[in-house]
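Report on one structure; see the data block that follows.
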């Protein structure tokens, strides 16, 4: 183990990592959009277009419905705040940061649940039909996705004997090249849950204009200006969190364990490369798959749950014991 | 047992065994005949890989022959026969809606846990490197039975039956490094003949009740006596 | 080439030959000839084993001892008499138009293949080969059950195939577990760990937990083929929808072979466990089958179905007896295997002729057999009397022995046994009486019927009931010593 790092340095790094996370999220969204356009043979917007969209939204005037309550105005801030906290907890470039102490995966799931709760309430707040529809759909999907996610998390926890993200990553890093069937299943389950939770095809089409097919978009139909900007940014951060989780838990090589400049540089390069690959993979997946009708989403998530359960069972059956 | 302390081949064996279990679940979840046959073919191929890896890890060269036999028979010949039969019977693209798919998957998970429980005394006694996979092999057998019980199309029932035979072969390989060669050959011959007879049967059933839904064959129940 | 190899090769060669020429007019005669040569070879081999003890083949894959040698002779004998019956019977069926002449090739070829599979199962030393032969016997008969291609027969054959196939698959798992336990004790380097005589010699060292698990699977697996309730659903259909010679050999022979397999395994398990678990399980299933089948007998409207329930009942009785253990019950069970096989095949032959006579298998449409063709009527009455357990027939003798043994070991179980016997007797006679003595319908004419096999079988059963010849009782005694450990005499 490396000697105890300088606490000031550690906290500074933690803060910088969080800011980096938040700043890079729109970049990931831009990358995904660009690759998708290339795959569909369209002219792609610039990589930095999401930043321009966000700044445009921030400059605009807020338009509120007459019957909007305090909840409607507060929800974007709560959501964004929850995601900032979540981003601070997930190791991006370095492990063993001070925030790693609260980097419990269940805490992460809790943050997501908090954000989702407020967003769902905000969707119902105005009283429009689409908002309520979006909220109920979102809660349905979430209630099916969470057991799958938790089961996958438990599998990971059983392998590393802890639910702390940082320790899990470190365990996987130090184990070397080990083929674990349970990790394979947990990866597949987590990927499917990530697709469902971040509202990608086949669960929800992020680029749809048809209200009746919307899930996430329907909840935020009434939002404008800075509120909308915050919510959009938050959903970009959500996608990045899931991508970083998958990248760093299952392929942790390259993450910095000490706080030297070279280690951090390698960490940054590694995570950038991994996120770029995940972005490409996501685009290919979205191009190949078609959006499912809503009543088939439970089957999709049930399958994710099955995979997670299989991961747990194969861990107990195949990987433990004398 | 520390997984990291095993050789890479051994770890690959465990991954392949887990994937065999996965194909069993895939067969339970598929409603159409064609993906069902493909999942079964994959199960056979993965089984051949597991056998070859066991031969490598445990130094039993006769298992290479068994692996080749499994690949030829269960991954290629029998799926091909099933595919050809289904095409001739015009049911290749038929969809048989599965009753309560989530219940099926939960029942499957229960069966996996049950086989783990039943296989525990055997696992404790065994000194083989593959002993952890005994429970998985038993689960494959039970899942094959669940597949047979839950379907009413004759072809799906036959795939379930063949899946049971797959599980039995798997059990023999991982608990005893394979049965004596003559017995293996006898079993393979029996399975092949059974497949041929099943093929003949499909046509007979279709000629008699004009469909392949075995639930419609109910003239011989006690009620009609 | 020794006798054992001839006994196995003759039916195999016959099967292949008949696959090409079985539909010719002499196909039936060839079938009979092949069966006769099998019997002719089995008799000297049987006497050889009787004189000089168990016979182990050079490659150790075949083992003939007192238990299976008389079953081999019985199988060959009943196979021959049924082949003699089947020749004119199947010709008549072809003439009646129930099946085409070309299908006789399949029939004869599968008949011999079935004989081969049964003889292989009986004579093999390897438990793995035993399984392969049992499965082969199922496969050979599946096509024969659906021979008439009616919807009912196809359904019966499918049920038979699926249920027996799944059951047998479980038996294979039990065999794998046995092999596993054997390797634990004997080490993995030997190549004879699945051989029965090796396992029997080392039975005490096999792990009890694994053997219990293996026995449960083997009981369910081979028990399905024996027809134990609740795994019997295929039996009434398969035995009644196939052609009559098929019913005769299935009821008379295949059930015996399956029970033989079960008892072989029980002998291993008893050597390892020092509790009576295996025996108790067999007793439980046997008693259940006995009682349930006796009740179901009453509800039947098809005469062959009724007699197949009688088969289930008797197999249940035998399973109970073997499970009870002890020399007296084992002797009784061995005797019962013989007499039941002979009587049941005779009954099915008679019933086949009766059904040809009346043109149907429904009980309510068969009447007045004794008026139209007295031989058939008398054959049916005597056969039913024999199978119901009346003295002086052999079935009475074996049932009496088993009841005596039960009274000694489990006195209160004799009551359900007696009740079951009474219920079955009532059921059989209730249905048989109008069939034989009722008024024959208009225009019922006698059919060409060779009742010689029936007479032969029934006379043997009578002989065994009155006085078992010494060589036969010595055979049974040797087998009883092998199975139960001591002699009843």
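To keep things simple, chains are lettered A, B and C as they appear, and every chain counts its residues starting from 1.
What we mean here is this: contacts are C-beta pairs under 8 Å (C-beta built on N, C-alpha and C of every residue); 3 or more make two chains touch, one makes a residue touch a chain.
All values reported here derive from a predicted model rather than from experimental measurement.
*Asks:* Which chains, if any, touch subunit A and subunit B both?
*Replies:* none
*Asks:* Could you tell me which chain's Cα centre is nearest to the average position of every protein Cα atom shown?
*Replies:* So the chain sitting closest to the middle is B.
*Asks:* By number of C-beta pairs in contact, which two chains lead?
*Replies:* Here the largest contact count links B-C.
*Asks:* How many angstrom lie between the CA centroids of subunit A and subunit B, rounded to a whole number?
*Replies:* Roughly 38 Å separates the two chain centres.
*Asks:* Using mean CA coordinates as chain centres, what's the subunit A-subunit C distance in Å?
*Replies:* 67
*Asks:* Please compute the C-alpha centroid of subunit B, do the same for subunit C, then give the distance between them in whole Å.
*Replies:* Here the centre of subunit C sits 31 Å away from the centre of subunit B.
*Asks:* Mind pulling the subunit A residues that touch 2 or more other chains?
*Replies:* There are none in subunit A.
*Asks:* List the residues on subunit A that touch subunit B in their complex, please.
*Replies:* Listed in rising order, the residues are 175-182, 184-185, 298-299, 302-303, 306, 309-310, 313-314, 316-322.
*Asks:* Spell out the part of subunit C that touches subunit B in their complex, as residue ranges.
*Replies:* Where subunit C meets subunit B, its residues are 61, 126, 128-129, 131-132, 135-136, 139, 142-143, 146, 149-152, 154-159, 161-162, 165-166, 169, 172-173, 176-177, 179-180, 183-184, 188, 191, 194, 207, 209-210, 213, 237, 241, 299-302, 305.
*Asks:* Any idea which subunit B residues touch subunit A in the complex?
*Replies:* 1, 3-4, 8, 11-12, 14-15, 17-19, 21-22, 25, 29, 101-102, 105, 108-109, 112-113, 116, 123-124, 132-133, 135-136
*Asks:* State the interface residues of subunit B toward subunit C in the complex, per the touch definition above.
*Replies:* Those residues of subunit B that touch subunit C are 118, 121-122, 125-127, 138, 141, 145, 148, 154, 157, 161, 164-165, 168, 171-172, 175-177, 179-180, 182-183, 186-187, 189-190, 193-194, 197-198, 200-201, 204-205, 207-209, 214, 217-220, 222, 225.
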